[in-house]
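In the two complexes below, subunit A is the common chain; its partner is subunit B in one and subunit C in the other.
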Partner chain A sequence: MRRALTEPPLVRGALLAVALVFLAIFLVMPLVAVFAQALEKGFGAYLTALREPDAWAAIRLTLLTAAIAVPMNLAFGLAASWAIAKFEFPGKGTLLTLIDLPFAVSPVISGMIFVLLFGRQGLLGPFLGAHDVKVIFAVPGIVLATVFVTFPFVARELIPVMQALGNEEEEAARVLGAGGWQIFFRVTLPNVKWGVLYGVILCNARAMGEFGAVSVVSGHIRGLTNTIPLHVEILYNEYNFQAAFAVASLLAFLALVTLLAKSVVEWRSGRAARPEAPVREAA
Partner chain B sequence: MTSKIHAAARVAVLATLVAAIGPTTAARAQDATLLNVSYDPTRELYQAINSSFIASYKQKTGKTIAINQSHGGSGKQARAVIDGLEADVVTLALAYDVDAVQESGLITPGWQKRLPQNSAPYTSTVVFVVRKGNPKGIKDWPDLLKPGVAIITANPKTSGGARWNYLAAWGYALRQPGGDEAKARAFVTELYKRVPVLDSGARGSTTTFVQRGIGDVLLAWENEAILAVNELGKDKLEIVAPSVSILAEPPVTVVDKVVDKRGTRAAAQAYLEYLYTPEGQEIVARNFYRPRLASVAAKYASQFPKVKLLTIDEAFGGWTKAQKTHFADGGVFDQLYQPGK
Partner chain C sequence: MSSASPRRRVLPGFGLTLGFTLLYLSLIVLVPLSTLALRTASMGWGPFWATVTSPRVLASYRLTFGASLAAAALNGVFGLVVAWVLARHRFPGQKVVDALVDLPFALPTAVAGIALTSLYSPNGWFGRPLEAMGLKVAFTPLGIVVALTFIGLPFVVRTLQPVIEDLDVEVEEAAASLGAGRRQTFAHVILPALFPAWLTGFALAFARALGEYGSVVFIAGNMPMRTEITSLLIITKLEQYDYAGATAIAVVMLVASFLLLGAINRLQSWASRRGAAA
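This part shows the complex of A and B:
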């Protein structure tokens, strides 16, 4: 560590410059380009593109999908990370690997899995068809695919936090006579709340931005099964560049909000990590 | 913290309910909804057809219907219908793709005879798009092989439009004096040697040519070419019609299993028949597809250059045969297109 700091200023400056130039080219410029294209024809045209019924339907569907997928994965992530961090049980390693599965497979494959399962010629297709239940090419399929892709976010965020905290506080609470739910809500949850929030923010960003898996199961019915990313692609392919970037700017804006929220959470959790805070606050 | 989480959960549930109820109540105002699953460049066409048909249907039957649209690559769309996308009608780029849906059992065999003119209410063809002023002097197929000409077309293995391009070139060479299979093959081989970028879809290659400025000539659907020139600049591009091209017949049909299950056959049938009416044909022509009805064709004659059009049946013995010979794995296209050689 110390040796690195004694590098000549020239080297340090060069490294910093390389990093900044790289950031500017690969992150800042595209972001600026999105907003510049979106506002190319003025603010009026920008609003018109967002108010268009199909765009509005895409925004609604995206919000609905996130509103279902995020709470589901929050509940799952909390349960899984609690189980993994606090208890020993056979198959723990397998569970950990399975949680990572959606990270490992390409989203397109995730989408195709659902087509194979719920498609007309799929495993459950005949049964669903006979009972007139539509899963893929309808909202349930989009939600399922999104839940699958965003599965690991909360759990992956919480497992290391919970493991680092150890079991002492829970054991103390148990000795003092607290029940299982009491321990969870009064000890465990307050200790990991920043981790939870961080996971939810990332999970939400991915749920709203997912393209590949959703594209496979969507059926692309305008005004019904297009999410924001799918709608952006359609507009772009229709030479409607300004509208495409106007809708895309919503996602870029979401990314900015996500980053901001993430920094706030990191800053707050950094402060909360100091010894006295969490337990007392909950009591 | 606990109460905060409860409040957040309540808001989420409420938002979910509101969002879920919204679309359902909106759909109830209609007597029926139809889903038209179509290919990429027909969005503008069917948007215009839909609003006009809905008004006419209301007038004739008193029923209010709504029509939803889905667009994508023709093969991909057929695949989605086979996998359960509940299309009342399919309006695809190739009869071959409708045949694929038929083979899955959703459409009865012989669908192509159910509506006039091979169930294709409009046609199109393959034309050239060149840079303004036609700097390379491209007028017909042989000019494509002039030295220094770069050609943009999509991959016929994945793109329906690109298959028409390929077959148009092949058909031209075949019909030349002294032309035979060997000469056609040589011509098409030379042509694909001049393709620097082989995109996977027709829209992709249009973007490559127009937005990225690659290539001297783009082979494209006529309707796609006119649309691209109108949307992206008459001051930058020109359309050149070759002497011979191919007659593309994008077919439409009712998906029997779906309409019988949903009870929408009458409306779906009326929808497709509307495409053949004078009003429907007028909309077709205004969206740069070639109309079938003689009176409408005469009115819009100036929009569509006179080209000798070969049909897929007379030049290639039908789609199934053409597909098998040229585009199947190990077929003629695979043999003659060897990148890097």
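This part shows the complex of A and C:
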């Protein structure tokens, strides 16, 4: 009886071995390769590659982009989840689908729509040209493309969390005389703080690491419109492999910190890991 | 709005938050996306059809869809094993392995791209022994499959893992008490229960692979007709200021992606209905 409920030890061992070898080849080795090649010429060369002015410019631009995109999408996520979770209104299903839309659009197309809108031959191109405003091949385009690809992260984390919590506590606060902002900051936000943090962590990781969308709108101007991933690409294509991997190691480190922070939040909030699926779980 | 019950409207802020949501959604997502429709409409059917069926574009579809399918199939097999082991086995370091499965979500695609390329290039750690065996990976369609497998893995594992954890062990006990061997139980009881989630994970990995760019461009070699994926072709057209051509190809990919996601939505509601009936 008991034996029939688990695989024989040999099969169990084989399954475990297959899983671990597969993960080692596809996940661990790429990560090891990044750090190994970054440090290939010693720690001095590693630091030199990071201290280079163009690398610094790329780091600054990435931080700036994330510093704009993440708070914008955080504000949107809080507003959208309040409207959707706390109230009933017609068209809610459609609104949920539209919020998820950027996940269904591939990175290259996400960048391209801003070129069609603001590019030299785009819809608003002549107007922007006449007023000497540059969006494409400039920082605003990079920020816009990043905001687009990270648009749903906070909202889709928060909406199910707020829906599951219900309205009772907020309504009690209301009856006791609390104002809207008071309710939000004293009652709602403490209840959903782990959800907010989770969404912000994922949003930030994508904002700092986005490549395809940003690549389309950036124009790859060294020291001006290169984010860290784009700078990595340029170095790599110049066969400057050690420097490319040194800069890439910053992003790999960011990824590891993201995974760690994500695990801590999952553990603290008692939730299971969920796929970052481009469609909402059927409610 | 008339359907909102008075009780629901005890809380303030509905107008403000919904108004902001709709405004922001329109400015960031809907207006930019609508440019695709406008461009396509101004193009005319003839040029549109000529662009999206030109030999170079067709070759890129074949490559993109074929490699995505192969990668999703690989993940379908190995992702199932990984999900099973993570859900049913206990081993040291399990928490770390579990967290690591999300690495492809967290690692920027460009970093994954250069790391895989260096591993599989002819003098790389994997590339050298594979080349000695006569197998070229980097700069061939096989390299594209490797990159897309990396990207798609978490979708299959994370879709299956909770379903395996929620499987009712009593059903397996019943099968065993009726005389089924473990293999029979697996084939006739466990696999059918996992099938909807498995298909969903497969389709999600496939959908993600179709639009992937960053991890593929480095390892692909990017030769027109042979190793040029559709996303790269769109960028090439944009760089030549052929906005119309780029738009036409993008619309085809977007329609494919929407159809796929629609199918995945139906799959998920099927899966949850089955879950509720069980």
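Methods note: the second predicted complex is superposed on the first by the 256 of 283 C-alpha atoms of A that agree within 3 Å, B and C clash if a C-alpha of one lies under 4 Å from a C-alpha of the other, contacts with A are read in each partner's own complex, and residues count from 1 in each chain.
The rule is simple: a residue touches a chain if its C-beta (ideal position, glycine included) is under 8 Å from a C-beta of that chain, and two chains touch if they have at least 3 such contacts.
Not measured: the values here are computed from a predicted model.
By the touch criterion stated above, A:E171 is placed in contact with subunit C alone, subunit B being left untouched.
Once the two structures are superposed, subunit B and subunit C can be ranked by residues of subunit A touched, with C on top. Of the two partner chains, neither subunit B nor subunit C is touched by A:L10.
Residue contacts after overlaying the shared chain place A:A130 against neither subunit B nor subunit C. By the touch criterion stated above, A:P71 is placed in contact with subunit B alone, subunit C being left untouched. Of the two partner chains placed around the shared chain by superposition, subunit B and subunit C are both touched by A:G122.
Of the two partner chains, subunit C is the only one touched by A:S263; subunit B is not. When the two complexes are laid over each other on chain A, subunit A has residues 115, 119-122, 282 in contact with both subunit B and subunit C.
Against subunit A, the residues of subunit B that register as touching in their complex are 1-2, 5, 9, 12-13, 15-16, 19-20, 22-23, 35, 40, 43, 68-72, 80, 82-86, 104, 203, 227-228, 231-232. Within the complex formed with subunit A, the residues of subunit C that make contact are 1, 3-5, 8-14, 16-18, 20-22, 24-25, 28-33, 35-36, 38-39, 78, 81-82, 84-86, 88-89, 91, 95, 97-112, 114-116, 118-119, 125-126, 146, 149-150, 153-155, 158-159, 161-162, 165, 169, 172-173, 175-177, 180-182, 185, 201, 204, 207-208, 210-214, 218, 231-232, 234-235, 238, 241, 243, 246-247, 250, 253-254, 257-258, 261, 264-265, 268-269, 271-272. Note for the complex: subunit A touches subunit B at residues 57, 60-61, 63-64, 67-68, 70-71, 115, 118-122, 125, 129, 134, 136-137, 139, 185, 189-190, 193, 219-224, 234, 237-239, 282.
Residues 1, 3-8, 11-12, 15-16, 18-20, 22-23, 25-31, 33-34, 37, 75-76, 79-80, 82-84, 86-90, 95, 98-99, 101-102, 104-109, 112-117, 119-123, 144, 147-148, 151, 167, 170-171, 174-175, 179-180, 183-184, 202, 205, 208-212, 215-216, 228-230, 232-233, 236, 241, 244-245, 248, 251-252, 254-256, 258-260, 262-263, 272-279, 281-282 of subunit A are the ones touching subunit C in the complex.
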